[in-house]
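Per-chain residue numbering starts at 1, and chain names A, B, C and D are given in the order in which the chains are listed.
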Amino acid sequence: MPGTSLTIRPLAASDEAAWRGLWAGYLEYYETRVPEAVYQSTFARLRSGEDHEFQGLIAHLGDRPVGLVHYLFHRNCWKIENVCYLQDLFTERAARGQGVARALIEAVYARADAAGAPAVYWLTQEFNYRGRMLYDKVGMKTPFIRYNRPV
Amino acid sequence: MPGTSLTIRPLAASDEAAWRGLWAGYLEYYETRVPEAVYQSTFARLRSGEDHEFQGLIAHLGDRPVGLVHYLFHRNCWKIENVCYLQDLFTERAARGQGVARALIEAVYARADAAGAPAVYWLTQEFNYRGRMLYDKVGMKTPFIRYNRPV
Amino acid sequence: MPGTSLTIRPLAASDEAAWRGLWAGYLEYYETRVPEAVYQSTFARLRSGEDHEFQGLIAHLGDRPVGLVHYLFHRNCWKIENVCYLQDLFTERAARGQGVARALIEAVYARADAAGAPAVYWLTQEFNYRGRMLYDKVGMKTPFIRYNRPV
Amino acid sequence: MPGTSLTIRPLAASDEAAWRGLWAGYLEYYETRVPEAVYQSTFARLRSGEDHEFQGLIAHLGDRPVGLVHYLFHRNCWKIENVCYLQDLFTERAARGQGVARALIEAVYARADAAGAPAVYWLTQEFNYRGRMLYDKVGMKTPFIRYNRPV
């Protein structure tokens, strides 16, 4: 898509429909769904500007919404400063291979720098091969694995 | 140690010296150290009772402080409720094999229940064999692995 | 490449140059090289037809050599029959995405069936993402990991 | 067990009953069983002295049989020499913590050296924590994981 520029900016109220579409695509990747109340509360929180809420960025290629990322600053006992947890990252299928996900991660890095957060991290499934091809370039695999309380 | 009972309770101001000793042991396991300012700010935050701060529990066998755990309630975009992140878990070497770590995890589970947090999770190194022997019993391994922003 | 048919057959003496080129590409993937004596002995063994030697298949798209696989039948203490170890699998870059690797694996499956080998297995690096996209379709990940004697 | 010496030697015909008991314990660890015909053929093969058969070592503490290991020399396309595959390693529960498994691995290393085999390797389940505590000392984890043909 020569001539189509990529822009990344914080979610605006007017992005709600676009954000819903992208986030549904993301949840589908994880073969999950969330109730309407979660769409509503999460979008409101992402837009709230409050300290302890996730924030959201949306990526456009030209006018087309193509990706999103959510991130949270939270405490870490090992540090004075907050660290940054990047929870959701998604590029719609048709826009892959154009650097959208990398640009979203780098946009979070820039916001972490601006906030003085000395660390950014995320979790991904061991078998998310496409994601990891990128993550190995922009991040560093750690030996940490996640355990959950059994449901 | 028959007759020596295990008690778990929130950190009190008078636990500072005990907590410092235990946390230093924990950090040593990770072959790391943190500056004095982090000991001070972390202990103060653990005791603050504020919503977005880690909280700490300490375990005693009889009168002897033997373990600690830190946990944080934070937002999760997939849910309305906060989830619970258990960050630091430690039992001093001499007290291992007596159920201290399990009791600490279960104490966090109880607090998550009381707070209405539908999920508790933690990260551990893939090669933390002793830890994982316990985690496989009280938790469930997920396929999620952690990536960090390169330093 | 419509109209270009894929053929898979055992290595012939006349395949030596093609095999050398493909195997060099494979070794390059592993960032390794082997001495000329190994090229010679391995090619001779692959063609020997002896029971305890690796055998080799080569794939062509039309006239063009594009891939190879090596496999060995060996004892397994848990079974009466030999099992089949697929050691080297390679498709040259320009021919990827056309089913060559899958066809090579399936050709080994067919030879294992013909030989009465009740199991076929292979090892791959955890971060061989492109390979694993295929292996998850034609094979089954096990929890087994490999340890080496330190060099 | 002070004064109880550990000896490791090749399986003798008179070890059959002891070997059966140990190997049954090993298979139980993997929650599997094999038919009587496999016990018979495997024991005969382990004792055959043939080039392409697994060989077996048995460990005794004093007079008591406490462990076994099976190993096979086989071709490797990357080398002129054969490599050594250590398939089964077992120490009975009551004899653990006394260096039996380490001594068995080291005995295989010595036989690999004697045979001119430049590599020894084995596979283990990612969650074999007790085994891996030892393997991290006497071996080196690789990033290779095993895939099987689906059954």
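Following the convention adopted for this analysis, a residue touches a chain if its C-beta (ideal position, glycine included) is under 8 Å from a C-beta of that chain, and two chains touch if they have at least 3 such contacts.
Quick caveat, the model's predicted, so the values are computed rather than measured.
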Please give the intersection of the contact partners of subunit B with those of subunit D. none
Rigid-body rotation angle, subunit B and subunit A, from Cα fit (steps of 5°): 180
For subunit A, which other chain has the most distant CA centre? D
Whole-Å gap separating subunit A and subunit B, where each centre is the average of the chain's CA atoms: 27
Between the Cα centroids of subunit A and subunit C the separation in whole angstrom comes to 39
Taking each chain's centre as the mean of its CA atoms, how far is subunit A from subunit D in angstrom? 48
Scan subunit A for residues touching two or more other chains and write them down. 126-127, 141
Draw the chains as dots and join the ones that touch; what shape do you get: line, ring, star, complete or other? ring
Go through the chains and record each pair that touches. A-B, A-C, B-D, C-D
For the complex, which residues does subunit C have touching subunit D? 27, 32, 34, 37-38, 41-42, 45-46, 51-54, 70, 72, 74-80, 85, 87-88, 109, 112, 119-127, 135, 138-150
Along subunit C, where are the residues that touch subunit A in the complex? 126-127, 129-130, 132-133, 136, 141
